[in-house]
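Data first, discussion second: the structure below is written as structure tokens.
We just call them A, B, C and D in the order they show up, numbering each chain from 1.
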Amino acid sequence: MAKGMKCALIGQAFMGKAHSNAYRQVSRFFDLPLQPEMHKIAARDGAALEPFAKAQGWAGWTTDWRSLADDPEVGMVDVSTPNHLHREMSLAMLKAGKHVACEKPLASTLEEAREMRDAARKAKASKTFVWFNYRRAPAIALAWQMLRKKRLGQIYHVRASYLQSWGMASTPMGWRFKKKHAGSGAHGDLNAHIVDLARFLLQEEIVEVHGAVARTFVKQRTWAETGKQARCDVDDAVLFLGSFAGGATASFEATRLAPGHLNDNTIEINGELGSLRWNLENLNELWLHEESERPGESGWRRISATDGANHPYADAWWPGGHIIGYEHTFTNQLADMMRVLARKKPIMPVADFADAYETQRVLEAALVSARERCAVPLSEIR
Amino acid sequence: MAKGMKCALIGQAFMGKAHSNAYRQVSRFFDLPLQPEMHKIAARDGAALEPFAKAQGWAGWTTDWRSLADDPEVGMVDVSTPNHLHREMSLAMLKAGKHVACEKPLASTLEEAREMRDAARKAKASKTFVWFNYRRAPAIALAWQMLRKKRLGQIYHVRASYLQSWGMASTPMGWRFKKKHAGSGAHGDLNAHIVDLARFLLQEEIVEVHGAVARTFVKQRTWAETGKQARCDVDDAVLFLGSFAGGATASFEATRLAPGHLNDNTIEINGELGSLRWNLENLNELWLHEESERPGESGWRRISATDGANHPYADAWWPGGHIIGYEHTFTNQLADMMRVLARKKPIMPVADFADAYETQRVLEAALVSARERCAVPLSEIR
Amino acid sequence: MAKGMKCALIGQAFMGKAHSNAYRQVSRFFDLPLQPEMHKIAARDGAALEPFAKAQGWAGWTTDWRSLADDPEVGMVDVSTPNHLHREMSLAMLKAGKHVACEKPLASTLEEAREMRDAARKAKASKTFVWFNYRRAPAIALAWQMLRKKRLGQIYHVRASYLQSWGMASTPMGWRFKKKHAGSGAHGDLNAHIVDLARFLLQEEIVEVHGAVARTFVKQRTWAETGKQARCDVDDAVLFLGSFAGGATASFEATRLAPGHLNDNTIEINGELGSLRWNLENLNELWLHEESERPGESGWRRISATDGANHPYADAWWPGGHIIGYEHTFTNQLADMMRVLARKKPIMPVADFADAYETQRVLEAALVSARERCAVPLSEIR
Amino acid sequence: MAKGMKCALIGQAFMGKAHSNAYRQVSRFFDLPLQPEMHKIAARDGAALEPFAKAQGWAGWTTDWRSLADDPEVGMVDVSTPNHLHREMSLAMLKAGKHVACEKPLASTLEEAREMRDAARKAKASKTFVWFNYRRAPAIALAWQMLRKKRLGQIYHVRASYLQSWGMASTPMGWRFKKKHAGSGAHGDLNAHIVDLARFLLQEEIVEVHGAVARTFVKQRTWAETGKQARCDVDDAVLFLGSFAGGATASFEATRLAPGHLNDNTIEINGELGSLRWNLENLNELWLHEESERPGESGWRRISATDGANHPYADAWWPGGHIIGYEHTFTNQLADMMRVLARKKPIMPVADFADAYETQRVLEAALVSARERCAVPLSEIR
């Protein structure tokens, strides 16, 4: 029987629920060389913690996250807290010799991210992971395999956007709108995902940012509890343009104010031999266009990436045509993390702190561009 | 019976055919206060000209376009030649007191465009028009009406791209790849359309460009006739970011190397109260999302803009659900031009030289941004 | 220069306009061995006729359709009148030695259709045609070519429906709701189209009808002019099941009461090697699925049938990605009719009276099944 | 804390895995008045059983399903075996006073189904359930709510098809192709689902079947293990037409030979005030068309039924825009079953044996129609 590794989770909100599910489910569906055990959960809200821990299947719970560092049984700590806490918690756990799985974005600032990368480098016995879970939608993993085989030839364009609409003016104030807690707005939350996806799929780095614009459309929001107004100091939307090392252009757009888009993470790649397209709201589908079809017969093709015989991760789940949901991407990632910890090859590469730091550099370059480089006012063009 | 105006066309290629069709068809479908008469066509290739003229229904033909200026019967001259000829021809015709309808983009350079705008200003008796024909897809005109009524509230985002795929490496050399004739590549050809569409729909101006990137992926192409290689000196793709006066962000992308997209001019607008989306390959459809639906029932809605009782231009054509094609947008525009010439109100505003000059300024700002403003190399971000 | 044939049209309503357009446009776009000349139009409403004739480009007009038979110049007569007039007019014109192009359905009743077929057989010098125009959407013609080459292997299923929504209860009374004039309702109007399409594409005959249901949901309608109520005595919807000679099942549904469907003629074919799907509201697109793709990569593929180098009829129109509209299917058909009359091969086979009679037999079998064969009441099943 | 009920499952194949997941997950996501406990699983294949039971979280296991009847701790038995075993197992468990949840279709034959209904009637202390799990996709439940409120007015048409493609000629022989084990082919497997969905959504009964056709296209298949050929004696496809009590027409089609359709359960309903459409491959989406939109603005609207505040079941899962997968429909159903057992109101009505018997009667009527009622051969129509 497979060995186990005791895992601890910090955080009990939305991500806490999604991660808990992954720990609970992963061994039911994957045949793993190392099985995660739901050892302990840590969170601040003591009243809510016990029922949450029980409902989600955690054996223990604590309001003192630091105590996890001292628990010799804990093999891996999963940091699923707001962004401003990632650095401190990850560093403490690395110092204590734990493996660390951190939610994205890696950190609130590039400086923090750099510290985390450096700490990970030093902690040679520890593995680090970052929860860029969308890499592990089977359709994305299939696209990665195709791109690995150079199926699209030279890449010309990457077009990525992550459009949501929960940030309309009517939405009350919350931690995600405060720089102190969130670091940034849509940029860190959403652009982090699509920059990672683009880097992951192209398997090369972004080398230049050509321009960026950041906007906070809704300047004030009301705290639901107190009725008080407060200033939003993070972006609602950030757009930027970049170039990949191989010459491909890339455009990125993240926004929380795009009505009609609930969770629309879309990426398209155009190359010399064809194109690929995916979006999160139909995450089981990969669209492929190949120039090599019979003359007059090429066209975008909808592949349902649900076939266990042919699609990564799909054999763990259901027969072809039976779709999986959002949370399965976390379960798939946990399976790969367990394989890495057992020194086996993961189905898809998992981002570690060094990898996530590269994404953070791209996000930072966009901020620098938005802030420091001069735009061209139309008044100059006569 | 409606009066007529004798019209002349310069050009016999693709655009010559599309424009000829509009002149021939417009009075069959629209009840116009002034009817265009197909008086004369001018083009260089004398051998091809006569059969083309006859097939398309032109009463006369000439290889000397300048002679049109001296023909007192000609009321309007339609300049449908490659971009580098627009200025000279338009100026000559304005000088001769003709009304001028020019293909887009207005000119190869901003300087030429400015000259044309100034000439149009001076020629007080002449009307000028630019063939931004997509304004007149009924679905776009419907979107314009909705935006006119502020149906989307404050606008947050405009997302426009014009993706084609005929410029792959296998495509032979041609005038569209030479700066001398085309002025620019995808930028003038495709971004011109989507910048015009965005300005037209938002009914306000772009005030700033935040960054741009231009690429020529295919550096050399072969002349089909001679087998000789030649250098491509126009862009294959240009992307840029901008801001509208009201604060909306805008992204534009034009490319000829996006496999799977033949003629994919797509625009989406997100605002406080909803969103609109359109693409040229399904030009009869307008997608609308409204936040105001019953709770839990909002969603993107596909409107078939084919209903004569409710959709602009549609009553000229077929019953609801019977789609129109690409060339109908020219016919619709010609109908509006004739109304303007008869001092009637067009169904939708028609771009004149001054209006098209504003689009040209935006294109120029993007080029300046791509050329002169420093990008942020990732090597700076450590 | 190509020879001409003087053509006459009977009818000035919706179909009169669509047919007139085809006569006016066909020689502008197709290089034909025989060119139709717009000689004369006949219609009952004399007041409307002259302006209609002039606007549409007919050289002459008459309120006496019979006079066309005596006009020695007339080569072909186009019968575009309500269904109950098809027989009388076609027979008169065949007797006078004219070629006859008749709107679909061939006739109001099977008896009339049989008479027409027999008359066509006898009139050896005359060609007959029926306006099943959707055969000539380039996407359908492409599907026909694929099926001709057995690209789908053995055919298992044909699924055809023609859904409209203009027949809701609020729609006033009109000739299309009266059996005397229309013969039938959705059945003759819409099922005629999809039965023809299915037979055309499969290139084999329907041999059996397995059940049918006809419904008149809206029993009474109001005449807009008089405000008087009248009984609707045609069907609003007819569904039936059949089998093709080769064993494929076929389902057909026609209705005028399907909200959300304006003109939704959809056909899908499933075979041993793949599937094809088309719908009229996006008539430029053909969807193809092939089982033979690489494992894990098959999927529905959207082909834009707009490429002149590869798609039937498309070279007459615009470059790839520039869509054509509804009326082009008539123009394409007229081009083929002219080729047949010049003893050249049409791009796609044109239905003649004998062919259309086969479609009428299938419609009749469905009516017999709906009327005479016993349904199974659930009360019998205990 | 909520009380528990010990549950037992019979079956360890695909359905065994999907049901096990529901038992394991339901209390993690739903706040239930009664919690299912994973007491024991029974299956024939003893070697596979223990690892399956452990992996899936069952506390005990047995190869003797009958022993469950004698286990006083067992409150509910879930029958997830091939169809021919449903009757015997359900009857035994009802006799032992257990609640019974049975997979669909209820039974292999109408006679068996009747026996089961009658046994359920007699077993007054037992509740029965049938796993028509698609009722519980949030998008379907939302449609049910709309139809409950008569949002579509009078219903005209129901159009349901369940198209799969795993039954191509290359597929080896298996129990699903043998009448002895499966009872029927696509009819019981797939038509059972869509007849239930149609009855569930319309909330009225089918009163008549108007015609049907059944086909076995692939007559022989090869056993993978032995290489021997065997005869397929179930249908590959069954189509039939019916009428609902309120007059709506209904068409049903089930097939395993529709390439391009993996698991395409699609239903559309057209009524006086609008239409609804859903398909299983995008099970989170409901398409709605309403006639009541502003003139010229109606159209099909895509609702993402993922919003906990507004969509049934969705609050148990993830924030809006985060999709759920196939297996969640079972979990949702189990939640409702537990509510029923705790004498609380389920979110959506759960089918019991009496309800499933009505679906079985419709399937039987289709078979009678296919078998006994005369089709109309085209040879009769001259």
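Operating definition for what follows: a residue touches a chain if its C-beta (ideal position, glycine included) is under 8 Å from a C-beta of that chain, and two chains touch if they have at least 3 such contacts.
Quick caveat: nothing in here was measured; it's all calculated off a predicted structure.
Undergrad: Shared interface numbers for chain A and chain C above half of all numbers used, same, or below, different?
TA: Same: most residue numbers at the chain A-chain C interface appear in both copies.
Undergrad: Just grab the chain with the largest centre-to-centre distance to chain D, centres being mean Cα coordinates.
TA: Taking each chain's C-alpha mean as its centre, the farthest from chain D is B.
Undergrad: As a quick test, compute the distance in whole Å between the mean CA positions of chain B and chain C.
TA: Chain centres of chain B and chain C, defined by C-alpha means, are spaced 36 Å apart.
Undergrad: Where the centres are mean C-alpha positions, what is the separation of chain B from chain D, in Å?
TA: Going by mean C-alpha positions, chain B sits 53 Å from chain D.
Undergrad: Rounded to the nearest whole Å, what is the centre-to-centre distance of chain A and chain B, using the mean of the C-alpha atoms as each centre?
TA: 40
Undergrad: Can you pull out the residues of chain B that are in contact with at least two other chains?
TA: Touching at least two other chains: 261, 298-300, 304.
Undergrad: Contact residues on chain C for chain D in the complex?
TA: 110, 114, 154, 156-157, 159, 161, 163, 168-169, 205-213, 215, 217, 236-237, 239-241, 243, 247, 249, 251, 253, 255, 257-261, 270-275, 277, 289-291, 298-300, 361-362, 364-365, 368-370, 373-382
Undergrad: Chain C touches which residues of chain B in the complex?
TA: 14, 18, 20-21, 24-25, 27-28, 55-57, 164, 166, 261-264, 280-284, 304, 306, 317-328
Undergrad: Of all residues in chain D, which touch chain B in the complex?
TA: Against chain B, chain D makes touches at 142, 287-288, 293, 295-305, 307, 309-311.
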